[in-house]
Structures are given as C-alpha cells and as structure tokens.
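Per-chain residue numbering starts at 1, and chain names A, B, C, D and E are given in the order in which the chains are listed.
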C-alpha cells in the first residue's frame, strides 16, 4: 500500500495549477476497474478531483510522456515521478530530449507497484474488485468464490520485487521521506541464465522471443527509445521490418533494441510490464547493465543528468571482448 | 563429424579497418600467406564503423562467422575508434553468448599493418573454429537459405 | 447432442489429430494460446486465449508469391500450397463471431484466396464459456457466450463435453469423434447455458450499450473533443490491433532473399505512425487521428458498410493487454457519455 | 492451383517504351511478354505496378481503354518505386495487377453532356485516359473543354499529343496555361483556378478535376462561383489507394474506401466525408 | 539504377594465375546494373585506363568496379581515370582480387569463385554510391601560438620566417617561459639566457610576429583554416606602446613586499614590475592585487615618475578577436606542487627546495645573485642531497604523483650536482635515484662526468624521510646496492619534482576540442606518425604540453609543428575528404551520443525549427557535422541509435549491401 494518498497529490497539484506554477499535470487516471489506470493530463482542479488517482496500480512511468507533452503544452508541466521514474527523467535530460525548466517534478514515494498479472496468477481470471487494505489486497472474483487475500509482496510486479532504488534522483519537491538506493539482487535472474549451458540459454530465449508479435509496445513505452524515427520503422535503414518474419528477426529486433539502449537503460522495467506476450525483455537490458557494471565499473544510467554513458566512453585498459565473453559454459 | 565437415565450407565475413588490418591482409597477400577462400573481407575506415546491425545482417544472410579486425588499441588512425569498438563488441558478443549463440562465431582481433602473418594465422584459426561448429543455425533467417 | 466423457477427451483429440492438424488452447508461459495438438498436450479451458484464432486463418506473416529476377526479366512464382483440412477446438463465441467479421472483409469481392482457402478448410469447434471474465462484453454485440456458432458447438460440464454438429464441415469432425462419444439429450447443455448466462448478466460490463454507434454516425463522432483526451496517452503501439480478433490491416512487402524476392503479407496496425504514409504524404499524422480511425472503424465505418455489424466482438483482449489501459470500452463510454450529456 | 485466381498476384509486364514527358515525368508503355495489353480497364481506373524487391505502387492508367494494344502510365518521380522506374529502360520487366477502383461514369453520367476537364501538373495523367476515351467516342459527348496548366511549358504533360491531336479535334477546346512567363510561350500565363474563372464556362456540363490539392480547392471554389453545383464535378483520390482491393485498411476516408468506392468521387460525395483526405 | 562497368585486371599472371579472369568478367556481366564487363592484362597501365575511359563514354557508365589489386595501391589511380572521363571519382569501387584473393588462394576454382563474390560486393556497393564532392574552405593565413616559452617562440619564429604572420599569446607579462628561469642548460652548460634572449628579441622585432603578453585565449570557434579566436588582454595598467621599460617606476614603487614569482617567491618585487631585465616586451606591469593605488585610490607615485605618461589606472581587460588558419599549443609545464610530499619536509624547512628553485639560487640574476646560499640563513651549504623522481614514476594506485617519467630530471640534477661541485668543491653532493636515464646525445657522457670527474655521490635508493633538526636536515635513505640505511645530515635538500602540464591546458583543450590523455597532456593525432598534430585538424602541439621534454626536443618539435603549420598556411583552400559523416536532421534526436565519441569535435548541435503536419512547427535539437573537421572514422554512426548519422562513402546501406552480396551464394 502506498504511503501517500491520492488526496495529498490532488491538493498539491491543484495548488500548483492555481498559482500558475504549472499549466498541466501529468498523472494517472482512474479506469473501469480497480486496477486499470491510464496516464493522463489534467489541467483543472475539477479534472483532478474527478479522475486523478495514485495507488498500487499506478505502475506506468510518466517520464517519457514529457517528451511529447512538453512539445504540445505551453508552460511547465507538473509530473509525478516514482523513484525509478526519476532515473528515466534524468536520462532524458542527459540526452537533451526534455528541458528541465519545462517540468515540475514532484517525487512520490513508492512501496512497490502491484501487477494485475501477478494477482491473476494467484486468484485466477475474473476479478471483480480489488480492495486495498492495510494487510494486503482483497480480491473479489466474479464467480461465487470467496474473496482471496493476496499479500502486497505477492501482488507486486516482478520488477518491484527487485527494486533498485527508493531514492528520487531528481525532483522539485518531494512528498514523504527520501528513500535509499537498494541492494536488490536484480541480477540474480541474469546470473541464473548465465549459469546455464548455451543450449539451455538458446532454448530459453528461443521460447521467449518466438512469442514476440512485434507490437512495438516495449519500444514505444521505453523512456530510452525516444528516436524521432526508429530504425525499425525507417524503410531506408535497411533493417526496417513490421512482423517477425522468423526466429531471426525476433532476435534481431530485441538484440538491436537492447544494444541501442545499452548504457542508457535505467532498468525501469516498463518493457516487460507492457509486453502482451509476457516476454521478460528486461533480462536483455539487465544483461547489458550487469556486463557494464562488471566490466567497466558500476554505472547507473540516470543517476545524474550529466553522465557519459559507458558505451560512448572508454578507458585505455578496457578488457578485450574475448575476456568479457567468458561467463557461463563453453560451447561444445 | 570431421568427415562431414570436410565438405562443409563456412562463410566468414571479416570487417577490416582500412589503416591497419586491411593493410595487414594486403601484407598477408604480398607474402603469399594462405588462408581459406571462405574469408571475405569488407573494408571499413575504422573498426568503430562496424555497426552491430552489420554483424547480425551477415548472420541473417547466411554467414557462419563474423570477425572484426582493427588497429591495436592505442594505434587507431583516428586515435580512439578501436576503444569504442572494443566496448561495443564486448557487449554485443556477450549478449549473443547470453542468447546461446556460439561465441566462437564472433571474434575481434587487432591486426596491425605489419602483421600479415598474424592476419593469415588468425583467419586460418577462425575459419577452422567456425568450420568445426558447423553451419550457423541459431542466427539464421530461413528465407535466405536456398 | 453427443457426450464425451472428459476421460475420453484426449483420445478424441488424438483421433482428430491423426486425421488433420488440430489446434487447441494450451497453457503456455503467458497464458493459454492455440497450439497444434501433439501427444501429451494438455488442453486449457482458460477463458480466453491470449490471442484469438485469427492467426490460423490470417497469419501474422505469410508469403504471397516469389519472384526470380535476372537482368531485366522477372519470373513470378505462385507459392501457394493446396490447403489441407484442419480443426480448431475450443473457440469461444466472440472469436467465432470475429471470423465472421473477417469473412466480410476477406471474402467480399475481390476475394482473398489465401484467407478463403484456410477458411474453407478450417473446422471450427466452438465452446461455450464457463468463466467469462470482467473484461468480457460480447453480449453488448449480441453474442451469446453460452451458445456459440461454429461448425461444432460444445459445452463443458464438470465431467463431460457435450457436442453438437452444426454444419457439413462439422460432421467431418463429429465422424472422427464418433468412437469417443455417446448420444445424449441436451439437458446438461441447457443447464450449462443457463449457468453461463447468469454469470454473463452480472459481469461488470454487462450493461455496455452500443445503441449510440453504428453506420451513418460519422458526423456525430468524428469531430468529438473526446478523441484528444482519449488518445493523449496512447503509445501508438500495435498491441490492441494485434491481439484484436477482428483487426485485419495488413501490409504487403518484399523481402530480398539470397536468390530472389519473396513478397509477403504481414499484419500492420492503423495505430502505427507510418501506417498511412505513402509517397505523397500521410493523411493521419497525429496519434489522435490514428486512434480515432481505429475506433470509428470498429463502431461506425464497419457497420455502415456491413449491415450494421460492429467490428468488435467484446472479447476483452484489448482491455487486458493495452499497456496504458485505454480500450474500446472506455472509448464507447466517453463518446456515449458526451452524446448523452 | 494456378487457376485459383488471386487478385494480389500480378502478371509480368514489359516496358516497351519510355517517353520523357517533362523533367520529372516519364510515360511508360507496358505490354505482357506476349506483346498484349495486360488487361482491360475503364477510364479512371488504376493498376498496381511493382518491381520485385523494390515495392508496389498504384498508378492511374493513362492510356485510353480504347487502346487495346498496350497500357501507358505517366509517372512522376517521387518515391523509391518511381525513382527506380525512372531509371529503367525499354525491355525492363515489371509486374502489373489491376484494374482497380471505380471508373469515371463515362457511359452514363457523362454521356450526352458537354465536358470540362481541368488538370494541373501530373494531374493530367488520370484524365488523359478519360479524355482520349471521350475523343474516341466523340459522338457520345457534346463540347469538350480542357483546361490544363503546369509550372512551365516543359512541365506540360503530353504536350505533343495535346498540340498535334487534341487541339485539332472538332469541338475540342484546349486551354493551356503556365505559371510564369517564358520566352518560347505565347499562350496564357497564370494559375489554373484563375484561368478557369477568366474563361468563365457555362454551367450546363460535367466537370472533371485533377491536380494538386491546393489547385483542386481553388478551382472548386471558382467553379462553384461560376454557378456549378458540386454534383456536376468529379475528381479522383487515387493517391490514397494502397493495396488496391480495399482490405489493407489504409484507403478509407470515413466509411468510404477509395479502392472500392472510388477513386472517382463526385465532389458533393467528398463533402460528406470527414476531412481526412 | 546505375549503369555499371566492370574491369577485371589480370595483373599479368599475378591475378590471372589463380583466378579465371574471363570467367569473373563473364559472371559479373549478369549482375543487376552491369552494362559492360571486360578483362585486361594491366588495368593500371595507360592502355588499361583508356579501356575504362572509353567504356565510361561509350556505355554512359555511372559507376565502375575495378577488380584488381588492393585499393590501397590503385584506388587513387582509378579514381583519377574516372574523373578524367567525366565520372565522379567516388563512383569507383575496387574489388581486391589480388592481395586478398589470388595471392592467398592456390586453387583456381575457389579463387575464381571468391573473386566473383568480391566483385559482386563491389557492384552492390557502387549501386548505392553517390557522387561526392570534396568541400573547399579558405585558409586564414595567420597562425596563433598559445604560450610564449621556448617552444612557442621557436614555432613562431619558424612560421614567420616562412612569411606568415603569427601571434603569440602569453599569460605572463613576458615571454620566455621556463627557460628564462634556468641558469645553465645541459649537456653543454651554456647559459640559458644567452641562448634564449636573442630569440626573444628576434620574436619581438619580427614584423610578422605579434606578441600578446599578459593575455589569454578566452574563446575558440571555427575549424581548421578558419578559427575565430577571442583573446583576453588583461589590464596591465601600463600602456604598452608608451612604456619605454626604463624601470624608474619599479624603483620608486613604495609597495616592496610582493613575492617575486619569477624567483619562485624566494625574494620580493614591487607592485609595479618588470619580471626580469631581458623581459619581452620590456614593459612594466602593475599587480592589481598589491598596488595601493588600485586598491585604495591613494598613491599614484608610478604615474608621477613616469615621464612617458604610460601609467593608466583605469585600464580594463580588453578582448580582441582574430581569425587564424592554424593554432599551435605550447602551454608548457610546471613542477607539481610539493604539498603532498611532506615526508621531504618541503613545507617545514626553507632549505628543502625544488630543482627549479635551485636554478634560481644558482642564477646570477636570481635572489642570491648567483651565490649558492641556504634560503633559511644565507649560509653556504656543505652537504647537499638531491632527491630524484619526486612525484614521477609513481604507482597508478598511489594517491599522489604521476605515473610517467618526467624525463628531464636526471639530466638537470646531474647538471646541478656538477655545477655545485665545480663552484664549491668543498660541498658534498648526494643524488638519490631509482634509475638514471640518459638517452640523449652526449647525455650519458655528461652524467658520467658528474660521477667520475666531479665526485658526485650517486646512490641508488629512495629517500624515506627528511627531518629538520636545528640547522640540519636529517635525511634518512636507503642504499639499495649496498643494502644499508643511510643517515645524512644535509644542509640543503633539492627535490626533482615531477612536471605536469600547465593548468591552463585543460580548459584550453575544451575550447579547442582537442583531446587530452589522463594526465592532461595533449594527445597527438598519431603517437608515431603524427606526433606534432592534435587529432583536431588545424591544432598543432609544440613542446611539453604534449609530454615531458627537454630543450632540444622541445625546439625540434616546435620547428616540426611550424613546418606543419606552414604546410597548411601555404594552401589557399583546404580540400576536404568527402567521405565524412553527416547527420540527417529529420532523424536526429539531438541526444549527443555522437558528439561523445567524436575525437575531433566535429559535431555541434543547434535548435532548429521543423515544419510539422497541420501547419505547426517544432523546435528540435539536431546535430550537424563540420565536414572540414570530420576525418571520417564513423564512430558516431554506431553511437547513433536512429541511424541519423551516416558516413559518406561507407553508408550503412552500402556496407549492408556488401554483406548481402558476400553472403549470397
């Protein structure tokens, strides 16, 4: 359960709209059900009162919207950012995609976001209502079954279970207490894969990536993927392609996309959250992050807004590729 | 296995930087140092010109191995190009390995203009290793197969 | 009506699969999906599959033809194969209906032979829903989840599957099923129907109305201020269109292989920014316009050209899958709300 | 399987002649490898040309249906397919499929009427087929006026045919104009919409418009000012066609599908469509 | 669609011996776009070139592929051939079927097969080639030398000697640099001033040389041939054109307590001063930090005594802007601070000094008028300990000091030791060293003289600690050869401090977009082959700013840099390499990834307005490449995720087409 409530945020946003500090508010809007929040722009206190919400289902990272919205809206935009979202915000600043003066950032604490898919895995389909209580979630189904209690821990999105930081790295004001960077074991899954044999790894990824339908949701939601035109959409790029024409192109798309965001990916996990086919795409990005950390020293993209990403940097004593590619088993 | 492989000719694409490795390949030629004809060289100004997309493209189109050759670190004609190459390819190859693609199919080697012999021996060795792996099955595009 | 004890079901599948490819939902890592039945496969009764059976008739990517070129000459190679019969088991009412909607596009003149031949050879064995979910609203489009169409209709109870052949094609399947079924009356099926209808009635979206929409309403909705609000957070990804059982936009593209060119067709999405870009420009430049197109098509344009039939079957997949939880229900409610208020 | 007709599968065509019309427009003559016209068509219909590996693109068939020997396409260089075509030489094969779209109502609505054709730039290409059809069946129609304008004399499409044939036809009046004064030009100078107003046609006729959007807009206004009703004016939206069969999902303007309901539209029909074309 | 001609060379039997050249020419005839294909014995011969020229004309070729030897051999030849026939030279591609085919493969069959594939790849590339025209930019015929030490002076003199105007910018009130502070120079022991000051005067008197002393570079824009440089002329409160350098003011100035930086603070000067007698320009300067008039408005004595009326208390910093074709960096070095080396008691005892201070102590114009006296009490030292490698050759992990060897210390210490023993034979001299490095002309002989003729005690070993005890300095050291601890009660300890680049170098490098190594020395364009050029075109390196150097080395590099500058300024126009990167603004998102990897600073960004659909506009940050600066490495093209950055001559689609062609079987 989140430690700040919707009302606090609405009041603060209304005040800033009122005094003219900001001209619009980027937040989350109530949906049809208890869990389907949509990112939305609010411009009046009435709109905020009618639809704004902040609770355990506001997983969407709003930072990327600033790119589009600051181009559309005159004046400052108030944006509510959770700790991990602020890393994306900084990265966007680093790359000059947004201007700091166009955004008014309110850091909101986050105790981990719930994920309806995680909940469904416990309760099954047919969720009528989700009650957020002190002790956990109470999930009522459509059928005549008894409500199911799900702990916040179990309901949490996988990415939140390995949360890297509760610390806001950029904000104009902060609601609640400043958190800390966490030691989250987020590379455990990567290590598990690395420990497999190449055949097992190949089988694993073949199984995962072959489900890709190339809906581009991972790319379109990714705060690092902000190219004016993606190479995969550009007929002149030579790699444009719309549908996975086979195993190769599924891999091509995801390898190149991961490579393009390598060193820039803040590990916000949105790619995996939005994938309609449940592909653990963050494991590709995390592999790069883990490799970079191990090979070139700890680097957290978006930690500040003026870092030089590791792949556009070097030292004279960097290890050779043959030394880097050593983990795991040898191919027979 | 070895009998089967005698028939099998791997296709190897080698990207060579213009200033060192391409010249190294030329020197190998001048010194008549043989290496398999399966190796086909593409000249690039600097190893840092090689986009990961080119490497994947080669595999897609049926290459069995891709090798990148550049000046020794510190000797880049453009001072820093191969340092970037080194990082990029370290990361890319590690990713390919992570996806279960045979790591022996990719290699980076620093070959100077004076190292004709190294060029030839590198190509011989790489071609042998790739041949022993057999055809590239894990990064192939079936549409490009005859 | 025929009855197949659940214990016999695997044998039934095996017998069908012996005769023709049989596709049915199985549980995968990301939920249920249609897969080809193989010995040991476990049928999943989860409502509903992640993607509909659309792929089996209109695959995401299919080769149309090939070319060989040399110098100035071109040779066209027809790569079509004679289609074989296949069966799709466990198709829900909404998805059965979605195929009828696709028919209206692909089987109208000029007929699409690729789709037509798969349709001709595909036997649809539908299955009444047991546990419709909160995302379901097929009822709004006049679909009865308890009694789906299809070549064969099935009902599932605790212990048995009840089957009813509807068409000649369906009889082919019934013949294959014969060794594993017994004749019975339709009491059990009727009881099951009633049970389902009860659940349907209390679904959260049961009262979603479509009256406001339909052919001839272009003017009413096209310039609605709601579109800007509704589409403001749309990512422009293709998720909704790709999981939608009725979306059928496609692109035709050439792929240069090592010895020629393959012309293939693949799914495209009207949500993509490049979708309508052609040599002379793009007539749907903003995400708002593209977003509007998708929903206007489903709710207005399509019914206008197709006897009032909406191009939505209420399967709820876009509700479940949209990364930002924007969907046709929210759109309908917003537009309707505006119209009423 | 070959007998199963598939509308997406083209036939092979051979370019037998390439004519340079203007600096950026070339006219291509296409026949089957056997030397025949690939298929019959009606005036205003389109065909899909393609070069394997480059792509497909839709073009209006500029030759008249009455020409039974070959097909012609006047093509302006603007995308990758057209660029490729502009580099092609006689003997080059392409693929063709069609015909697509509803034709101009030459045999019903147009029959017995005076006709006014107004074109700008490459906009003459789709009209050439209609004009030549009407010239061929000269007795079915009344007076024919053709207003055609382009940037310069060099940019006038089919100039030789216009001067040598059209202008000599009985009861066919060709009014040419170019945008700016030019040394070897003693004809009219000015934009098409203004020229139409200057010419001041009587309204008892059917008008057909084709050209760049801005020209269409102002000419339409001009015609209406002259007293024309939009029900008398036709135009074509063939640029919006993509797959040709109305299924790929791109060509619709509101509920109308250009591939199936068009590309020929009456201007009052267009008014009913949402402004998305 | 290109019209391509293919020309297969036999190279006598060099190619034809292992490659069936006819078969290659025949096979390539079938490639798309090929309208002519032939083979000939020697394509590079006049007759061969004529075949190419004729074919270009006859077949209206738009591109040609020559299957021959390495492009490193004859690409330029065939480009000229094409140009002579009216074809853009960049429409030529070479398939290397000699060095990379016929010479390395023995078997005719596989050799021929490979030659065809290499030809095919070249054809595929030519299909996507576009005519390239090298850019031309004019050259401003003036050079800027930053730093007026011996390096800068020598470079300026050489450039001016070739007839080009040169400006020297020097931060100090006078040129001369470190060399002006030295006493004698090794290995010849001639006096520094005697050889330097004539050069300083030459520079001052040369009409082509303008000296901006007491000035610094504040802004640089532009690129090779066309630099716009803003120079800040700090207010010296003395009109340079009026001051005669008579020195009266410096005698009358009541403020006498200003530490004299020329003598490294070992004595004092006035608030108005001329650094030393032979200063160039010989003009007084008022030190605003100490001048009573400037600080309180009361005094004005200098103004009163100045007969030339040169004093101007109201002077302000001035900025002048000048155009230069080339820039030479000669910012030199400084000894590192001894702050962190307290084990040597530098801050505790006045009698622990650096070698440069020692130079001043022995210099006739120094604080002691050339007498070697202890700074603390003015007595003669009888036992002197020299410590080598203070701060040089340190561990990379050590918190202080430099990893590199400062190169000059061994020699000057030998000089100091020798001179001391020469003038004061009663003085005992110890030198503690790690290694003695003397790899220069007459260097080792010099060092051996110090040991053998002058009896200097060279001890291999490091000094662990220096402890002041009364008037003595207790030096604890180890003798590594004898393996024992030494305790020496020295009168004077001289530290051979490591040298480091001047502090002004780092901000200057940023302004020049010139790269630096981790020690802030400027990087050369190539460590072996282009040692006096910076990777940034038009920026040259002279002297110790590039690495530690002694005087002869500095002077030779200074002249080398001058030669490079002269070579550049001789040209009226610079013809660029057209194979440079360029950014597609429509695709560029301005993320700066490319600029991060550009070694030449060729990429800049600007906010640009774009027309968007529906008559809206959008301001967007986009990159642009300066083709005169870009060298065409292509690092940016890979850093760019959107493919906005591409490299002419080696475009993404060209390389991919080559890949495709090679893989096509």
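Following the convention adopted for this analysis, a residue touches a chain if its C-beta (ideal position, glycine included) is under 8 Å from a C-beta of that chain, and two chains touch if they have at least 3 such contacts.
Nothing here was measured: the structure is a model prediction, and the numbers come from that model.
Asker: If each step moves to a chain the current one touches, what is the fewest number of steps from chain D to chain E?
Answerer: Each step joins two touching chains, and the minimum needed here is 1.
Asker: Touching chain B and chain C alike: which chains?
Answerer: Correct list: A, E.
Asker: Using C-alpha centres only, name the chain that sits farthest from chain A.
Answerer: So the chain farthest away from chain A turns out to be D.
Asker: Would you mind checking which chain's C-alpha centre is most distant from the centre of chain B?
Answerer: Farthest by centroid: D.
Asker: Indicate the whole-number Å distance between the mean C-alpha point of chain A and the mean C-alpha point of chain C.
Answerer: Distance between chain centres: 30 Å.
Asker: Could you give the separation in Å between the centres of chain A and chain D, each centre being the mean of its C-alpha atoms?
Answerer: Going by mean C-alpha positions, chain A sits 51 Å from chain D.
Asker: Distance-wise, how many Å sit between the C-alpha centres of chain A and chain E, to the nearest whole number?
Answerer: Averaging C-alpha atoms per chain gives centres 46 Å apart.
Asker: Take the average of all CA coordinates in chain A, do the same for chain B, and state the distance between these two points in whole angstrom.
Answerer: From the centre of chain A to the centre of chain B is 36 Å.
Asker: Which parts of chain E, given as residue numbers and ranges, touch two or more other chains?
Answerer: Residues 597, 639, 652, 656, 660, 663-665 of chain E each touch two or more of the other chains.
Asker: Provide the list of chain B residues touching at least two other chains, using ranges where the numbers run on.
Answerer: If we look for residues of chain B contacting two or more partner chains, we find 52-53, 57, 61-62, 74, 80, 84, 88, 143-144, 146.
Asker: Per the touch rule above, enumerate the chain pairs that touch, sorted by label.
Answerer: Here the touching chain pairs work out to A-B, A-C, A-E, B-C, B-E, C-D, C-E, D-E.
Asker: Note which residues of chain A are touching chain C in the complex, please.
Answerer: Residues 31-33, 36-41, 60, 65, 125-128, 142-143, 207-208, 211, 213-217, 219-221, 233, 242-245, 273-274, 276-279.
Asker: Within the complex, which stretch of chain E touches chain A?
Answerer: Going by the criterion above, the answer is residues 586-593, 596-597, 605, 618, 620-621, 639, 641-644, 652-653, 656.
Asker: Spell out the residues on chain B that touch chain A in their complex, using ranges where they run on.
Answerer: Those in contact with chain A are residues 52-53, 56-57, 59-60, 73-74, 80, 83-84, 86-104, 107-108, 133, 138-143.
Asker: Can you tell me which positions in chain B touch chain E when the two form their complex?
Answerer: Against chain E, chain B makes touches at 11, 13, 18, 22-23, 25-30, 32-35, 37, 40-46, 48-54, 57-58, 61-63, 74-81, 84, 88, 120, 144, 146.
Asker: Chain C touches which residues of chain E in the complex?
Answerer: Its residues touching chain C are 30, 32, 612-614, 660, 663-665.
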